[in-house]
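Here the structure comes first, spelled out in structure tokens, and everything after it is commentary.
Chain naming follows the written order as A, B, C and D, and within any one chain the residues start at number 1.
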Amino acid sequence: MNQTVGGVAVTPELLMFGAIAGAAAICAVGVVAFNNAVRSALCLVVNFFLLAVLYFTLNAEMLGITQVVVYTGAIMVLFLFVVMLLNLGGSKLVHEKSDWKKFVGILLGCGLFVILGAQILPQLVHVQPMQLDQDLAKFGGPEAIGRTLFTEYAYPFEAVSVLLLIGIVGSILLAKRRI
Amino acid sequence: MNGVPLAAYIGLGLFMFTTGVVGVIVRKSPIVIFMCIELMLNSVNLTFLAFARYQMVPVASPERLQHSMMAGQMIVIFVMAVAAAEVAVGLGIIMAIFRLRDNVDIDEMNLLRG
Amino acid sequence: MNYESIWLVLLFPILGFLIQALLGTRIEKTLGRKVLGGLAVLPIALSFAVGLVITLGTKGGTSNTATIGQWINAGNLSIPFEFIVDPLSMTMVLIITGVGALIHLYATGYMSEEREYARFFTYMNLFIASMLLLVLGANLLLLYVGWEGVGLCSYLLIGFWYKDLANAKAANKAFIVNRIGDWGLSLGLMLIVVFLLSQGNHVQDGRYLSYDTMLPALQNGLAANPAMATAIALLLFVGAAGKSAQFPLYIWLPDAMAGPTPVSALIHAATMVTSGVVLLNRMHVVFEMSPVASAIVCVIGAFTALFAALIAFGQTDIKKVLAYSTVSQLGFMFIACGAGAYWAGMFHVTTHAFFKALLFLGAGAVIHAMAHNQDMRNYGNLRKYLPITFWTMVVGTLAICAVGIPGVFGFAGFYSKEAILGGALANTHAQINGVQLGQISGWVGLGVALLTSIYMTRLTCLTFLGSEERWRAIPAHTEEHHAEDHAENSDTHHALDENHTPHEVPISMWLPLVVLALLSIGGGYFLANGGAFEHWLYPSGLPVLGEVSTEPTGIPLAMYSMIAALGGIALGLVFYLKGLPKNQGFDESQWLGLRRAERDQFGFDNAVTVAAVDGGGDIARGLWKWVDVALIDGIVEGFGKISGGLGELMRRWQTGYIRLYALMMLLGLVGLIGFFAIVFQRGVR
Amino acid sequence: MADFVQHLHPAWQALIRVVLFVLPSFMLVPIVIWWERRLLGWMQDRIGPNRVGNITFSRTSRFVPSLLKGKKFKLFGLLQPMADFGKLIFKEDITPTAVDRLIYFIAPGLALFPAFALGATIPWGPYPWLTPVADVNIGVLYIMAVSSFGVYGIVLAGYASDNKFSLMGGLRSSAQLISYELAMGMSLACIVMATGSLKPSAMVAAQSGPLWGLDYAPFNLIQNWNILTPYGLVAAIIFAICMIAETNRPPFDLPEAENELVAGYHTEYSSVKFATFFMAEYLSIIVYGIIMSTIFMGGWHLLPIRFDVMAANYNSFGDVWNLLDTLNGSSLLAPIWVIAKACAVASSYIWIRATLPRLRYDQLMSLGWKSLLPFATANLIVVAIWIVATKVANPVIGWFAVVVSAAILYALYKTINRLNLRNRPNLASRTVTMVDEPPQRREVELVDPAPAPT
């Protein structure tokens, strides 16, 4: 299969990517389109999962798995939890009546997509990934990430940990009726 | 993944980002808006990783190369952490609002108007 | 113990201050007041001991600098944290700590019935510490720190009974008037630095304000241009006048008597007010460079001495009399300094510390015994009740009257005043184009000596002699602040009325009196024989002063002053021995016009106050009305109004709908990116 | 055979591996169900299912070969699960009208998914060309990730079947899983740190080393199974508790607590969907058993004894040792040992279920957050100290450091608990006492009344 579309060779990898990316895009649309918060959350879960797969294809397996653990494992469960706790499942509470904002927003969104895409994408059509030899291929792995994270990114790491601590305390203060 | 141009990843990220933006504007349920924000964050993550993998500009030394490959992933990690914190606090806020008024329609939270 | 350990002297009072400040009330509750008072006296006594040891190790003319550490480094100006150990500073150290210890001991008795014992001794110890810093600091900036510190402490202590308005006002007055002096001092400081920098002679490792490097540099530099010398000297003198209550700025000292009597004794008689003299001694090279400034110092000193002595006649408050006598004695010291007899000034500082502290403490004892009634017209015949106080105060009076038989023996004041007058009459330094103002002021001083012995005799007679009817007769009247401040055991503070019987003060109060009395008897003799003090202080002599003249007009000077003293005492006895004269009674309308004028300080204080307060008030009010309200507020509020109007317009956009905001953001984003896209397209083509 | 497999296309290899992993665990499910029921019966002093699968040949029929006539074969009810499965299949599949159909349908599948995907990185034998399915260098993280998927099936089922009880079950299970994920991850992190790798295969290799890293007798004769090391023991206990909680088994089966919420999240599920949930539960039991045995109990080795070292040292019985070594580790029997260990773990599940009553919700939460998580964290710290001390000094010093630091941390933990004891809910006071309170306490209450306000 060597026919090319727009100067890009159609490879099986491209087809596979197309499948995953298409699914992810459909899920992304579903997040917005579904009237039902739980379904949006589900779409988001699937989207994140597919993103994790794409991370794998980018040799970032550590980040891919982290994506799954953090987002689908924790964050989205939290989302579902809250959605069900508030029982926002059906469109009972929030009436999504359509007003002018909706159309303008969609219009502007398409505008943004078109402008940015027209500006950026054409330059990137022919950019192919650089060839990774054996040791460069390890750079998505745990030990490479760990070394970099704890040596030259140590201070940002600490800052982020403090941020997370603040988040914990803040959420407890917010959610607890009486401390 | 060989054979896939960078444009594909960036295009997907751009699409997701735009979808998130539109969702923030269109939807009324704050939780869904949160989801859209997460969507945007993840599209940015994807873009970072793609650029980290596809080294567009040729880099001088292997150290620089490793560094520039690592930078993207590091930023993604930090983005994830920030997103986690943000979600924790945000959902807490939503719970508090819901407890205050039995309704989380974002168009009725307009107390802060001039 | 060599001079390196001088910091101990400073350490003890600071420790005492900290103890009093942090643990004072607790100690008072748990261990009682005696322990607290002991803890207040002990550090001062300790540093007196250390100072004594170091002094014995200090030879005349030697000047050592003990550097503790670096303090300020600004550009090529460096101010180390250093102490100077030389006869001058050690003299002051001994006076401060010795007299201070005695007065602390006295105060433990005097204040024993007051509230806030701990606060009082906190301030006292802090004052000792800052005074020591003032005299020990080896550069002008440290001196300035101590200067401000003593100013602060005097403010706090004058206003110790802050609950009644008069004291608070007196404290404010003292503080504000001192500001003027400090302004002069700081200007002089800056001028010195500027001058030395302009000289370009880089003082060794940039210590522009340290005495050991600054004074020689000044000596070399100022010889060239005397105008600068005069300027610096006058500015420094403004500072000195402010602190030591010279003529224009003396007005705060009499009001300062509102504070507790130990404070008046320690701060406003013995130590703080003499710091001006100390400053002049420190910087004497500058004054030696400019005869004009010296002459002005002389004139101001002489005028102050005369003025204050006259005013003292019009005062009926015992402490006020002593206050004015202090001012006039300070005038004497300044005469000496102006005339170039700096050592005489210091000598008088020393002796004056003895007898004036003695007098104040005695007055305090009297006041204590007379239920805090300070009006001399209410006293009388107290020698029957307060024998110790009486005899010690007699000694003090004789000392301040400079009684002495020349060549045989004299009280403390005799020798110092001899030195001053002799120096003044001998010098040819303080003169403005030929007019020997120094010698004139010397003669004036001689006259003032006469007046001094008169009013001091008046004080003694009115207080201790005469009859008791004066306070037996008067109706009961209480003073307001005692009701609240002396509430601890207010039964001892009954009013002064017919069934009042004074009691001799406790030992803790009369012991210092006795010690000081002994000092004021023998101190002068001991220090003066063979010029011990002079040669210790200025062994190489003083360049501007020849020899102290003993017979300026052929007749020995001692004769003049003996006549002045004894004659004054005789006059005073003639007038006041038989009690209060009719025309000086409570009915002040019968007073002589002169005396009434003297009572009102010839209207000077009023004039100054009116000018300063009302005039300043008018100026400030004008500024407020026209500049602040009209101009500045106009501008500011104008901007406020403009932005308010704009905000009023923009407010409509703030609908509170987050989605709308997001929409706006998106709109801006799209617009911006689109614009740049177009621009880049253009650029490409 | 190895090179035959290796010459295939990678996709085929992956398929083979998947099949080789999934089929045995899948076939184990009925056996485990049957075993649970029999074991429970035995523990509760009853018989349990023993009928289904008893075959009795007639004496008279001509079709029966003569040697079988009148013979009776007992399978001890082994076919009972099959019978239940058939029953479940042929039941009517009821779908309530108010449910959210899409989610209602996908929920059982979502519940089954992690059970299958969980073991993808677990090696069940010394055959690198057959197992694990993917020997990626993030294996343990992969386990964490997939096990975190388990919540979705339950939560969505609870939400989709429009039923308050189901919703509560879903909420409970989501809260429970989130809380226990943490301690589980911590306990796994200990082993990861100790091993220095995220690969389960590397962990197995590390576990076959000398005990406690002391390479002299008698330690070098024993394998360094994690469960034999102090931190590993703590981690294993924590992991076991969390594992039970993750699979919603008793005593952590709050999501399906019969007496509070009818049957929890699968109240509304009838036939095949219910069977799917059922199957997912037992499958996940087996898979967790395999994980446990791989990470903590030496993988595919039967006994924690290093027969190869024995063969090297005591070579008088060299051949015996070599044979035992082959049997113990590197042989075709390895999968059987793994499965045996898994079954042992499953049996302990059943034992615990038969022993312990169900926890109350607050007890569940306080156990997860206030006991397991601190202990796991302390364990992590201990491991870190052990690693440092071993690297700096030697293993003996390392173990000494482990003991000391563990003692210190335990003291710290106790003091902290003591400090906030007053604002912690007193569980003892809230437990229901079946018998009356002892009378003297009442007397005391009667004797001294509240002091009269004066």
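Assume contacts are C-beta pairs under 8 Å (C-beta built on N, C-alpha and C of every residue); 3 or more make two chains touch, one makes a residue touch a chain.
Bear in mind that the values here come from a model prediction, so they are computed numbers and not experimental data.
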Looking only at C-beta pairs in contact, point me to the busier pair out of A-D and A-B.
A-B
Closest chain to the overall C-alpha centroid, by per-chain C-alpha centroid: which is it?
B
How many angstrom lie between the CA centroids of chain A and chain D, rounded to a whole number?
32
On a C-alpha centroid basis, what's the spacing between chain A and chain B, in Å?
6
Distance between the centres, which are taken as Cα means, of chain C and chain A, whole angstrom
78
Geometric centre distance via CA averages, chain D-chain B, whole Å:
36
Of all residues in chain B, the ones touching two or more other chains
21, 25-26, 28
Check: chain A positions touching at least 2 other chains come out as 62, 66, 74, 78, 85, 101, 104-105, 108-109, 112, 116
Would you mind listing the residues of chain C that make contact with two or more other chains?
659, 662-663, 666
Which pairs of chains touch each other?
A-B, A-C, A-D, B-C
In the complex, go through chain C and note every residue touching chain B.
650-659, 662-663, 666
Listed in rising order, chain C residues that touch chain A in their complex are 659-660, 662-663, 666-667, 669-670, 673-674, 677, 680
Provide the residue numbers of chain A that touch chain B in the complex, in ascending order.
8-9, 11-14, 16-18, 21, 24-25, 28-29, 31-32, 37, 40-41, 44, 47-48, 51, 54-55, 57-60, 62-63, 66-67, 70-71, 74-75, 78-79, 82-83, 85-86, 88, 93-96, 101-102, 104-106, 108-110, 112-113, 116-117, 120-122, 124-130, 136, 139-140, 144-145, 148-149, 153, 156, 160-161, 163-164, 166-168, 170-175, 177
Considering only the defined contacts, which chain B positions touch chain C in the complex?
21, 24-26, 28, 33, 106-107, 109-114
Residues of chain A touching chain D in the complex:
36, 38-39, 42, 45, 61-62, 65-66, 68-69, 72-74, 77-78, 80-81, 84-85, 87, 89, 141-142
